[in-house]
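In what comes next, subunit A is part of two complexes: it sits with subunit B in the first one and with subunit C in the second one.
What follows is the complex of A and B.
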């Protein structure tokens, strides 16, 4: 006798009847996929379709008028010889390294301090969250005023302390000023992830180390850091993804001027200012591939770290 | 006696009738003149964020009540207006019925907008004549900026025509006048040439502790405040090159007035090189922050008393800067003059009707209504913007003893400069090409580069010429070439 499948139902007359779509969707075997359908549809419409559309246009020349002209890999060749794009890429990588390192160092330092109980801890932690709660664009506008040379708050404080004013937005410093604004906004993210991590570490291991006479530095290096490494990798992966797409601090300050144009800004300028959709799509695809590649490497390291931690 | 009484009554009647006729003749277009709108479909429009529109929105509600047409208003910051509307217009969605237009986009969007004359012919009981009669009070410069190929596509509602702001109190000071004459050999007066501007910028650049008007300064003083950031530098450079008789490209016309081609002439490139060189020279006398500055920083520098001259600034910001100066430097007073060469950057925020609109009838009347005297007055008095209507700018209410400075002064400046500049506007390249909006955005980035030492002036000109040709070839059908 043939085994019954969800598509077929035996009847008294031994005639094979095909199951209805409803029966298939609600069957034990396929119900889990049924539940995933809405999500898959949303992802297909809002992620896959634009992505494929973007990839398609990266091989075309199109300015939103008339027919798109197929140009093969010309946009990609142009990209590799585009000085402005390569400069923006270099700056983005520079910002990435500076911001991730500083945010981690500050975050770890503060997490070590704040993981202990102290008077007013809730107020301090609440205030530290504040930069994360403000819209990035508003924040960049505020810092733009604060760093103004003649009447910005920062230089006024420096002058009150008897120091010289600093030209924060000079072509030499502007990129670092952008990094500062970004770090200022995002260090609480690293801090709070690591505080949560530190608080969940098993106490018995640390007590054993203390009984064995391990120094605080040795304990930190050999116990705390390895056990925090999965969280550190998560912070690095997430921040890398976000920093490759850094945009808001530029919008409220230099608007890509004084040699601060980053990858996302040049994509925006090309695609939504010049409306050069073809070349802009090429840049966007490159940016996506870069993010995936960097994150894939980091994810591999993360998995290794997770394995090590366990 | 009876005869005299009749004569008197007759004379009074003639006077009353004459007066009534005058009043009727001067009566401006308003809500009452909008006929019954047959199409009652709701219309959508974008409106900039900011106080200027808050009160006008209340007036738009009156339009809704009077016409029975709902107006859905979406408020966005001005830098994103272009990209939001552009996508909808190109896709022909008709999502925005009333389109918010910066005048340099008029030609670019002309394929997607109704000509207002066409709509007047269709919906206005007074026809095209009635429409033209009403708009004759609008600045001729701004009306031309709102035309594409001879058709009126949009109506301006507030202007950002530029001017030169300077510290009038300093220029009028006898100590400064004498010191200037002793050093440079000619009288201190608002500059009308680059050399004069350079001399005066140099003369007024002083260190903390030096004297100004005989009083020691408690801060550094700069000769000029400029907007060299990658946002409005191109508006300043436009003033410069137009003032020298150049442009980003020269418009070559056929005998019938149609456009034959655009040519980036040697004269255009020379003017650009001269403008960029002089601009960079002047930065020596400007605050360091100018490299990232937009209008707000430049005005704040002057309003705080840190800078003497803004060589190019939007005239609509004169009152704000003057008020700030009065607060910070009580005896300070500003003057407003034409930029060097007398052809400042011009334009206005305007409104047009999308071709894909589902209710062009209501959209047309809303555009007319917002451009009307009453609405413009609200925008000007309560929104602090400067109307595109000359009859409003000359309203005695803005020229009384209390309002003459700084409001009336700006109004008079605008009316005078519009009259003087009107003959030139027709040939400005921005207002003749469909690539104007794209090139304008590109210029912000490219023209800023030599100021931030990211390129040399020659590299900047090369890049500007190449990209202008590339964008124009892509977005306009008129051929462009380099001479």
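What follows is the complex of A and C.
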């Protein structure tokens, strides 16, 4: 019996010590930070590190081999005079405006149509959600194939209808074709967010408007639209965030050719095709600052919108 | 004109016809391209490259594309990679995100700044993170490993999952936790026994989104894998080569790869809509 005592004591000691650390971690004061530790570790590794890394190499010239040479702000000067980069930036903004506005308009129209209860609504909803959940890359390959000049389904159908075939991937059209693919994939998002919004609107207000003899258009503009505005903001913000980083649809279609190079693609090309890490980092930092600036504003609006919707 | 209102009203005959014409048109535009993947997957090469419109629908079906896909390409290996990577990253993401989201929702930890930083990682251009990690992975030998890609998928999903879950945790009344504290529960117990069971629907929604995003992810998968850890999206993209395009195997591969996501969207539509609106609207 005596011989076992030290062993038991040590066990007790270990248990006590572990429970103390556990107690501190779960104490009233520190528990909220304890919960955040894993997330903060992930963020430090995957956000802070890349940020510092790119910031460092944006002042250097480095091609993955040999020593990095310090070049000061030369990369940034080069960037501001880089026609390809500025064009990519302009195109990205253009895609952003086209896609967000089209998705919203189509979404709003369909939401007004589908907000009522109708037979088969589950089937309609199930089918209409499909594009949202299919890999963007696979969809872009699919549409690339559909828009093929000779044997693509779109041109074959046009021909069968007695219309002329269209060269969808010409330099003038390719960017719009990519916009089309993106809109096709994402309009259900706007649609169903707005359907959910329309269905949750209070009925009595609309009843009152009808009794007062307000025209449907007046009701729509003065009641429906303002009440939907938080959700419209959510759509605009989220889509902006995702569209700035459009990459997959380019890979499946033009691969940055025929004047369709967007922001992320040009960074990819510089860093991973030419292995120009220094200049690629400069572009990355620039596009990051731009994104953060746009999104900081957007995020404020989003939080306000979410607060309004709750 | 009823359409512009709330839509509960009776539809008259003309409105009804108009409604169904538009609905069927939209469904056709959505479903036809997806159906075309499945049609193409069963076409022989000369039917795929046919230039007559009637061959789009009428052709002699064959399973040759699937045979080629399974015989000549490591399709099932890559499919397994996708499954392993998306499931394991989703599990880890759910643990990290639910802890953090609870902290944000209950104590507003970091006074909103931290939450903003978290969500902004999702706005990070993927290529920004890709540059340093490519160099680092090369040095650590993590390129083309499932483990390496899973880590990146965790990073890429964690911020969004946190934000999604934040909305669900926010709905739990604080009084419930106070009552549990009076009953002598510790903070950790409250989280495990009181809060977590209540957000189970939120966790289900988040899990669905993380799985689908990870399943569909392309940029990191494409940059960080070659053969061994290659997910199925990258395999499919490789059929569209600069020298020749293998439409048959591509369609067959796509047909199988998108099947799980189609099933998810069909059977979990309510959950998905709930997630899309961040719980702001109960769809």
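Here is the rule we go by: the second predicted complex is superposed on the first by the 270 of 310 C-alpha atoms of A that agree within 3 Å, B and C clash if a C-alpha of one lies under 4 Å from a C-alpha of the other, contacts with A are read in each partner's own complex, and residues count from 1 in each chain.
Here is the rule we go by: a contact is a pair of C-beta atoms (placed from the backbone, for glycine too) under 8 Å apart; a residue touches a chain by one contact, two chains touch by 3 or more.
The structure displayed is predicted, hence computed values, not measured ones.
Participant: Label the relationship between subunit B and subunit C on subunit A in the superposed model as either fit or clash.
Facilitator: The answer is clash.
Participant: Could you say whether A:289 touches subunit B, subunit C, both of them, or neither, answering first, second, both or neither?
Facilitator: Neither subunit B nor subunit C is touched by A:289.
Participant: Tell me which partner A:69 touches in the superposition: subunit B (first), subunit C (second), both or neither.
Facilitator: neither
Participant: Contacts for A:97 in the overlay, against subunit B (first) and subunit C (second): which applies, first, second, both or neither?
Facilitator: The answer is neither, since A:97 touches no partner chain.
Participant: Using the superposition on chain A described above, determine whether A:171 touches subunit B (first), subunit C (second), both, or neither.
Facilitator: first
Participant: When the two structures are laid over each other on chain A, which of subunit B and subunit C touches more residues of subunit A?
Facilitator: The partner that reaches more residues of subunit A in the superposed model: C.
Participant: Touch test for A:128: subunit B only (first), subunit C only (second), both, or neither?
Facilitator: second
Participant: Just to be sure I read the superposition right, which of the two partners does A:105 touch: subunit B = first, subunit C = second, or both, or neither?
Facilitator: neither
Participant: Which partner does A:254 contact after superposing on A: first (subunit B), second (subunit C), both, neither?
Facilitator: Only subunit B; A:254 stays clear of subunit C.
Participant: Of the two partner chains, subunit B (first) and subunit C (second), which one does A:163 touch, if any: first, second, both, or neither?
Facilitator: neither
Participant: Pick one for A:263: touches subunit B only (first), subunit C only (second), both, or neither.
Facilitator: A:263 contacts subunit C only, not subunit B.
Participant: Starting from the residues of subunit A touching subunit B, keep only those that also touch subunit C in the other complex, and list them.
Facilitator: Overlap of subunit B and subunit C footprints on subunit A: residues 64, 144, 150-151, 272.
Participant: Can you list the residues on subunit A that touch subunit B in the complex?
Facilitator: Its residues touching subunit B are 63-65, 144, 148-152, 167, 169-171, 174, 253-259, 261, 269, 272-276.
Participant: Within their complex, state which residues of subunit C touch subunit A.
Facilitator: 1-9, 11, 19, 22-23, 26-27, 29-31, 33-34, 36-37, 40, 48-53, 56, 95-97, 99-100, 102-103, 106-107, 109-110, 112, 114, 116-135, 152, 154-155, 158-159, 162, 167, 170, 186-188, 191, 212, 215-216, 218-219, 222-223, 233, 236-237, 239-240, 247, 250, 254, 257-258, 261-262, 264-266, 269, 272-273, 276-278, 280-283
Participant: Which residues of subunit B touch subunit A in the complex?
Facilitator: Interface residues on the subunit B side: 83, 86-87, 90, 219-220, 229-231, 287-289, 291-292, 297, 300-301, 304, 306, 438, 441-442, 444-445, 448, 452-454, 471, 474-475.
Participant: List the residues on subunit A that touch subunit C in their complex, please.
Facilitator: For subunit A paired with subunit C, touching residues are 22, 26-28, 31-33, 35-36, 38-39, 42-43, 45-47, 49-51, 53-54, 57, 64, 110, 112-118, 122, 124-139, 141-146, 150-151, 153, 156-157, 159-160, 184, 188-189, 192-193, 195-201, 203, 206, 210, 216-217, 219-220, 224, 230-231, 234, 241, 244-245, 247-248, 251-252, 263-264, 267-268, 271-272, 277, 280-281, 284-285, 287-288, 291-292, 295-296, 299, 303, 306, 309-310.
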